[in-house]
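Some structures are shown below for you to check.
Both of the next two complexes hold chain A, though its partner changes from chain B to chain C.
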Partner chain A sequence: MWFYEKKLLYPVRVSTCNPMLAKFLLELYGGADGELAAALRYMNQRYSVPDRLISLLTDVATEELAHLEMIATMIYKLTKDATPDQLKQAGLGEHYVNHDRALFYTNAAGVPFTAAYIQTKGDPIADMYDNIAAEEKARATYQWMIDLSDDPDLNDSLRFLREREIIHSQRFREALEILKEGQ
Partner chain B sequence: MNQQPQQPQLPPEYYQRLEEIQAIDFILIELNLYLDTHPNDQEAINQFNETVKKSIKLKMKFDIDFGLLINFGRGFTDCSWEWNDTPWPWQV
Partner chain C sequence: MHSHFKKWNPYVSPFDPCPPLNVKYYSTPPNLYIGFQPPGLPQYPNASEALRSGTLWPALYSPYPKPNSVEGEEES
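The block that comes next holds the complex of A and B.
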């Protein structure tokens, strides 16, 4: 089971209401290389890897859910005071007409999340390579997001998340070595 | 997200104490993942155990002063069910 702790993994502040940044952040929420995809990918792999790797997959999956909550907080704070017109100007008119300001699992282009983004191959080596690639793609997405953002408070949290993807990638590279040693 | 009522103003101490906990817990998260792949690193294990003590101490005090961080088996609620109380993490 899981416990919920009433705090964020790392503080999230935004400088101004900015629905356009919120729209871009959806890529990290419900996009192919976003946090939901990451959490669900690792959670499923736990059942078909050697025992030695179950703790790592459990813990990284759990941290990804904490990242998901940080992204949700960013989107919430960037949009909560926006008028319908501001949302429309930011390219979120289609989102507003369907969801108001509610969060929904889509990518930045509004495409709903799908399990087809992720894979569990049942082959731990293939899965570990997939995880390393997933972390590197997430890291790159955070970098492009930082490049688009002019909000210094938001960028502080985004830089934290970018660094975490590097750490996860590192841990999965070690997991790959552990798997190879076991063969 | 419909317009939310304004959150009551939180004292600066709330943010300071919360960030203290976030900083300590970050050490735990980082050591946790590291130990998953380096389970025999005694120095990291010692640091983990020492940091757990600090984290528990900070959280037990935070629970008393600002309300429960976890609703399951660590802190006690006062006479009203304080888990319902704001702020939730995205509201601060």
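The block that comes next holds the complex of A and C.
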């Protein structure tokens, strides 16, 4: 079970009204390398890995949920006061006609989230290598998102999230070393 | 200490439609080199600095975008 703390992991500020950034951020929300995929992937792997990795997967999965909440806050702030016309201009017309301004788990191109994004092979070596790759892909996605964004406040939060992916990758690399040594 | 970015020079054709990007960079964060994190690694002097960096340890910090100061940095 979890205890919920009613604050964000790291502050989210948005300084410009730019709904197009919300469209791009959806990649990190419901995309293949997004936070939902990461949280679900690790939470699901916990049951079948060697004992020494369970708490690591729980910790990282929990933090990914906190990241998901930050991304949701960014998207919400960027779209909550946008007019339908502004959303259309930003490429979110298709989103608006289906969901209004409600958040939905899609990637930046509007493709709905699918469990097929979550890799679990059941082999701990294969899964840890895959987790490392997932973290590096998330890091790269944050980089390209920062490249696209000219909002300094948003970028501050995005840089924080990118660094966290690096730390997670570090921990999975250490987990791989533990697996190589045996229990 | 490894550099945070590596650079390479993509091939430029005389018939490329866009002005060429002669140098491209990619990020090489510290997790690629560190192996097991050594015990007692020095931490940031205060919590707010650690929070802003996203990590407790300066040795695990990776900047992005590439700071101008590392322009032309050679691989170490």
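Quick note on the criterion: the second predicted complex is superposed on the first by the 182 of 183 C-alpha atoms of A that agree within 3 Å, B and C clash if a C-alpha of one lies under 4 Å from a C-alpha of the other, contacts with A are read in each partner's own complex, and residues count from 1 in each chain.
The rule is simple: a residue touches a chain if its C-beta (ideal position, glycine included) is under 8 Å from a C-beta of that chain, and two chains touch if they have at least 3 such contacts.
Nothing here was measured: the structure is a model prediction, and the numbers come from that model.
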Inset, instruction - Pick one for A:101: touches chain B only (first), chain C only (second), both, or neither. - result: first
Inset, instruction - Report for A:139: first if it touches chain B alone, second if chain C alone, otherwise both or neither. - result: second
Inset, instruction - In the three-chain superposition, say which chain, chain B or chain C, touches more residues of chain A. - result: B
Inset, instruction - State whether A:162 touches chain B only (first), chain C only (second), both chains, or neither. - result: second
Inset, instruction - State whether A:147 touches chain B only (first), chain C only (second), both chains, or neither. - result: second
Inset, instruction - Considering only the touch criterion stated at the top, classify A:10 as touching first (chain B), second (chain C), both, or neither. - result: both
Legend entry - Set intersection of chain A contacts, chain C complex versus chain B complex: 10, 167, 174
Legend entry - Touch list for chain A against partner chain B, complex: 3-12, 55-56, 59-60, 63, 69, 72-73, 76-77, 79-80, 100-103, 167-168, 171, 174-175, 178
Inset, instruction - Spell out the residues on chain C that touch chain A in their complex, using ranges where they run on. - result: 27, 29-31, 34-37, 51-55, 60-62, 64-65
Legend entry - Complex contacts: residues of chain A adjacent to chain C: 10, 139-140, 142-143, 146-147, 159-164, 166-167, 169-170, 173-174, 177
Legend entry - Contact set on chain B toward chain A in their complex: 1-4, 18-19, 21-22, 25-26, 29-30, 32-34, 36-38, 67-72, 88-90
